[in-house]
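The chains carry the letters A, B, C and D, assigned in the order they are written, with residues numbered from 1 in each.
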Amino acid sequence: MTIRALPLYATIAIFLLAYLICYIQFPAMLSTRVIGNLLTDNAYLGIVAVGMTVVIISGGIDLSVGSVIAFSGVFIAVILRETALHPLVVFALLLAVTTVFGAAMGGMIHVLAMPPFIVTLAGMFLARGAGYMLSIDSVPIDAAFYDTMQDAYYLMPGKGRLTLLGLIMLASVAAGMIMLHRTRFGTNVYALGGGEATARLMGVPVGRTTVAIYAFSGFMAGLSGIVFSVYTSAGYPLATVGVELNAIAAVVIGGTLLTGGSGYMFGTLIGVLTMGLIQTYIVFDGSLSSWWTKIVIGALLLMFILLQKGLLRLRVSA
Amino acid sequence: QTIGFSQIGSESGWRAAETTVTQQEAERRGIDLRFSDAQQRQENQIAAIRSFIAQGVDGILVAPVVATGWDSVLEEAAEAEIPVVLLDRMVDSSPELYLTAVGSDLVHEGRVAGEWLVEAVAGEECRVVELQGTTGSSPAIDRKQGFEEGIASADNIEIVRSQTGDFTRTRGKEVMESFLQAENGGADICALYAHNDDMAVGAIQAIKEAGLKPGEDILVVSIDAVPDIFQALAAGEANATVELTPNMAGPAFDALEAYLADGTMPEKFIQTESKLYTQEDDPQAEYEARKDLGY
Amino acid sequence: MTGARVLRRVAPQLLTLGAVILLVSVYFPDFYQIVYANDRLVGIPIDVVKRGAPVALLAIGMTLVIATRGIDLSVGAVMAICGATAAWSIDQGFGLWAALGLAGAAGLVCGLWNGILVAFFGIQPIVATLILMVAGRGVAQLITGGTILTFDNEAFAFLGSGAVFGVPVPTLAWILTGILFGLLVRRTALGLLIESIGINLRASTLTGINSRVLLLAVYMGSGFCAALAGIIATADIRGADANNAGLWLELDAILAVVIGGNSLLGGRFSILASLLGAMIIQTINTGILLAGFPPEFNLVIKAVLVIIILVLQSPRLLPRLGFIRLRRERDEKPSGTPVEAGK
Amino acid sequence: MLLSTRNLTKTFPGTKALDSVDFDLKAGEVHSLLGENGAGKSTLIKCLTGAYRRDSGDILFEGEPISPQSTLEAQEIGIGTVYQEVNLLPNLTVAENLTLGHQPRRFGMISPRAMQAQAEEMLAGYGVDVDVRRSLDTYSVAVQQIVAIARAVHLSGRVLILDEPTASLDSREVRMLFDVIGDLRKRGLGIIFISHFLDQVFEISDTLTVLRNGCHIATRPAAEVDRMELITLMLGHELDEEKPDRGLSSEVEGTGDAIRFKGIGRRGKIAPFDLTVHKGEVIGMAGLLGSGRTESAEVLFGATPADSGTVEDANGAVDLRNPRNAIAAGFAFAPEDRKTDGIIAELSVRENIILALQARRGWARPIPQAEQMRMADEYIERLDIRTPDAEKPVGLLSGGNQQKVILARWLATNPRFLILDEPTRGIDVGAHAEILRLIEDVVAQGMSILVISSELDELIAVSHRVIVVRDRHHVSELTGADVTTETIVRAIAAPDAEAVA
């Protein structure tokens, strides 16, 4: 158990170290405001990353999530604009749509034996295209319920806000942890990641599990879309381009292997926070040009991954 | 003074010029500018503004990537009593939430281009092809709408093909090539309207390669007034461009400084001029004036 | 491989390409018209083989990387870097050959970087190349200073828009590069060794294959192809657009490789089939432009067509449609005949 | 009848793996399934348990036709199976592997503690000392094999199927397994047992069924068949079992051309040891599971580079930093785990055979196609590899034939020192004899060989010298007349035999 959790410990250690460095340079980084922001601003990312973690542990990948978030926003905004439905009803509708969308991709992956990379790439085109077809313009949402959700926060000492969105993310991570580590479904996910043929021989219901995994990812992408629409009070088909790559990066930084079969949900949370920390650090620094921003993000990503590898090697050989 | 500047990204030469000009302006005024590049993502911009608030800057400049979705973060800034100035694009939040907006009217730009074309063809039949910006982006939507308004009065002008060129030269050229193929080798096209100059520059090359003369066989009108289009104007390969000045920061800093000094409220919308340039406006000189602005 | 076997290998791609062309020509009956004008061939098929050049070039390198069970997400960014390098050197007055040399070298260096991360640090290919994908565009912008770096050099521009015997130079570039790489891997043992490490890296290493060096070489090959694509894209618009050159083309390149019937799990590969895949994608793209739908439909149309193609080429579907004999043959010789699509 | 098949047929491209096979398993019997490599034993098992879809024929469970579509359905009927080659998930813990699909739950959630307890209970009685919370891949193949067995036993309410379960077990573990099987038989389960170890088959079976080329050849009570007859049934002809003649055991010592390993070892893997390999000599290596035999071999081949010691031959120092260098120095290594370390599954038999030679020649000098064909055909012929043709992907061959392909790969490089880790694991009697003969052949031509094997008889039959490994130390070296089962067993067991390493 402890050996298996090493990547997780390494991730946590590196994150804390990084935070310490940031704090030494900018003491304001330890304010509750920054901590609250870290949770709120990365809520949508954390939620998709929960779905992505499950997919990646099963040995798959889901490139469609960024587009699904954008689609969700547009879907909600357009329905709220066109009908008098309560947002909660629209949310339920949306989650049904994205879950079925994910399940359909899972079904294709299983039934047609096609690689997830390609199926979800097509799904990525499709979801964004569907968003465009609903509206090419950004659609504002002005439902009273949205204001309620935005204003739902707990003011921490120091004016930091612990928002509903942040809490939804933490709850998603917690639910994801339970699902992954405490249910038979979760073990089946690891089993698939360990080897599909073997898992099949051991009696794992491969088809059902695959469909469920992508349905779950679709569901989380939908939930993330809801959170994102609350975050921005709008739906915009061009939103969240490339978020799938951020989510993958967060999952990997969190110590999950892209080859599948190993990883921790909690690590993903740390990965998301790490990405957020990098972002915050760059804004605090404020001296980087557009291009140096990209280079520094890349360099920091590399550093985290190398540090993690280094730490693991040290511990294993020790 | 410390001012945070949340820029959309560096997706075009114009955008890069805006960044450069803003930095130059800040330096000239002795302002400590905190720059943040959002890589075309609203979520990054919101996060950046929140970080600016957490840092306690004196003022914030934002070039919003999209019009919607700014309410809550602007409210937070208002609560922290940090004035926010919008650059070059508008938001649809309540005007109380920001100090002022500096920019041009995107619809108006399109209209200027359209009106120029109406005048240029002077009543002759004209089949126009349109290169749109990135699907869904507000300049693409507004400039399309403005142009359509501009030519609405003229029955002789008709948009026959309209595709997205993603604001880039490569796609502008590629899409123009297929327009030329589809429209009888270009013989049936009378004018090109491009949502930005970069696409127009790409399209001009496509027209030349197809053996036609841009500027004569096919009229070219576009928006932004970046240096390269002036070269094309000088060479007679483009006909008109509508200026969008990259110096949005100058008026913005003026307004901020006045407000921070004694609370003077500026106007809610400081509109920059949308000047039309044609081949008659000494394009070579305009090119020289602009080429070092970081476009 | 003998001619007949090659033909059997690419039969599904040829059929798909035929079907897509047929579909486009329904919308656009003039599709097949090719004329000779201004010293060059003009026509939609010519447009396709010219416009498809960057993706085709990327697909060549990507095929090899995927054969080793890797993936290279950085090719789009590498295109930008190399294009910027080329434009910068022309701008500095170094001349055509220096520009080409420097751009090619930049591509090789980028490939080497990816290769080192993958082969020596053991970072998973997606993540390793994701790093360059993010940072690479920054590097490219650093070179151009964030602007579109334009240049005036007819010889260089010729690479993008010139024609030799009426055939556009970009077309020649991908065809020649394809032949070059094809000969390189099939006339030597490289192809076999690449397939071997893609199928079972550990066993291959134990067999004495120098898998690290091979991985380096493969990623460098991909970087080199990206450099060529970057040069062509830059020459095409007579300027280096660091921010947009090759943007998201890595996905099209991967798609081309998969439509070419190559497995993302590594192993057996066919460069020819990937090139056909690239042409299928470009035919779709050009077809969408010609068809004149509003741009907001572009993505949905592309997605639907791609899904249909993939479903038709799926190894599991055909037996159910009664192609059992074909499929059996395939099982017997995975190197030989994959299923035929869309019959 | 508990479980029967009628006219079961299964065809793979180019092979009829099962040709209307009738098979009957009674409750309370151990029924052994025998046949050469590729006879169709594993295929029969997979069809029975829903892992493969059969082409035609019926499966009857207690007289009722059943048609399991997945192994899950078979499990639900009460059929527990250990498939050939360990089929467990290396990334899961031992406990998770044991309980996968039937984890104890409380309020719908898995309780780790209950899961561990259940796993430990399942493993009790196999005499392995395993921390069930550790991931499976930290344990050797043998332990994994036992875990697989424990899992299958737990799942088998009615039928237990074991496909070569003993291939990587040593005699102690085999004993325990047989005790378990005996218990289950008493409880009325039907047990299908597949093995190439005829001694084990005779010891445990009630009934024998022989398959050949996918056809059912015979079913007999075990007591009524003798060994020779059984072999003849399996092979379709008699086995010419001339005892290999090792006359040269003492002479080899003298020849000058030897490879000398001095103090070679690696921390945490194997303690430094000395070894001198003479030309034309066969060295056996014996030891218990996990004693460090595989590690020794890997160090000798550079697969895990040594961190101490030197290697020399007549031409001076030999560089063994990695397998490439070792191969360049004329070494060859057929690893124990052929599935992950040996075969390149999707490449053809031909390509697998020429691969090592090609790697040594370098990429720029491809072996001409005609030459490849010739070599492939030669080795298919010489090692009697059962394959429709040289272009078949090697992953589709039966296990024994894959092993032969790997041997062929190394013989093709004409090495001077060949390391064989469990070369006869999973190989049928016919092929077994062929491989032993082959070893004699190549040794006669001057090749030196190191053989690691858990089968002492086999070791004794071929080796001039036997090295005994215990607890990661080379503890003794037996030569000439000292090489007997008894001495080896004593060296393995004795806490302080004369230490040579």
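As a working rule, a contact is a pair of C-beta atoms (placed from the backbone, for glycine too) under 8 Å apart; a residue touches a chain by one contact, two chains touch by 3 or more.
What you see is a predicted model; the values in this text were computed from it and never measured.
Number of steps on the shortest path from chain B to chain D, with steps defined by chain touch: 2. The mean-CA centres of chain A and chain B are about 33 angstrom from one another, to the nearest whole unit.
For the pair chain C and chain D, the distance between mean C-alpha positions equals 43 Å.
In chain A, the residues that reach two or more other chains under the touch definition are 132, 136, 289-291, 293-294.
Within chain D, contacts with two or more other chains are made by no residue at all. Those residues of chain B in touch with two or more other chains are numbered 9-10, 16, 19, 135-136. Every pair of chains meeting the touch criterion is listed here: A-B, A-C, A-D, B-C, C-D. By the touch criterion stated above, chain A contacts chain C in their complex at residues 61, 108, 111-115, 117-119, 121-123, 125-126, 128-130, 132-133, 136, 245, 248-249, 252, 257-259, 289-299, 301-302, 305-306, 309.
Listing the residues of chain D that touch chain A in their complex gives 51, 70-72, 74-75, 81, 83, 87-93, 96-97, 100-101, 103, 105, 108-110, 133-135, 138, 151, 155. For chain B in complex with chain C, the residues that touch the partner chain are 9-13, 16-17, 19-20, 132, 135-136, 161-164, 166-171, 173-175, 177-179, 181-182, 185, 198, 201-202, 205, 209-211, 228, 294-295. Of all the residues in chain C, the ones that touch chain B in their complex are 28, 37-38, 42-44, 47, 51, 141, 145-148, 150, 161, 233, 236-239, 241, 243-245, 247, 286, 289-290, 292, 294-296, 298.
Interface residues of chain B, counted against chain A in their complex, comprise 4, 7, 9-10, 16, 19, 33-37, 39-44, 46-48, 50-56, 66-72, 92, 134-138, 141.
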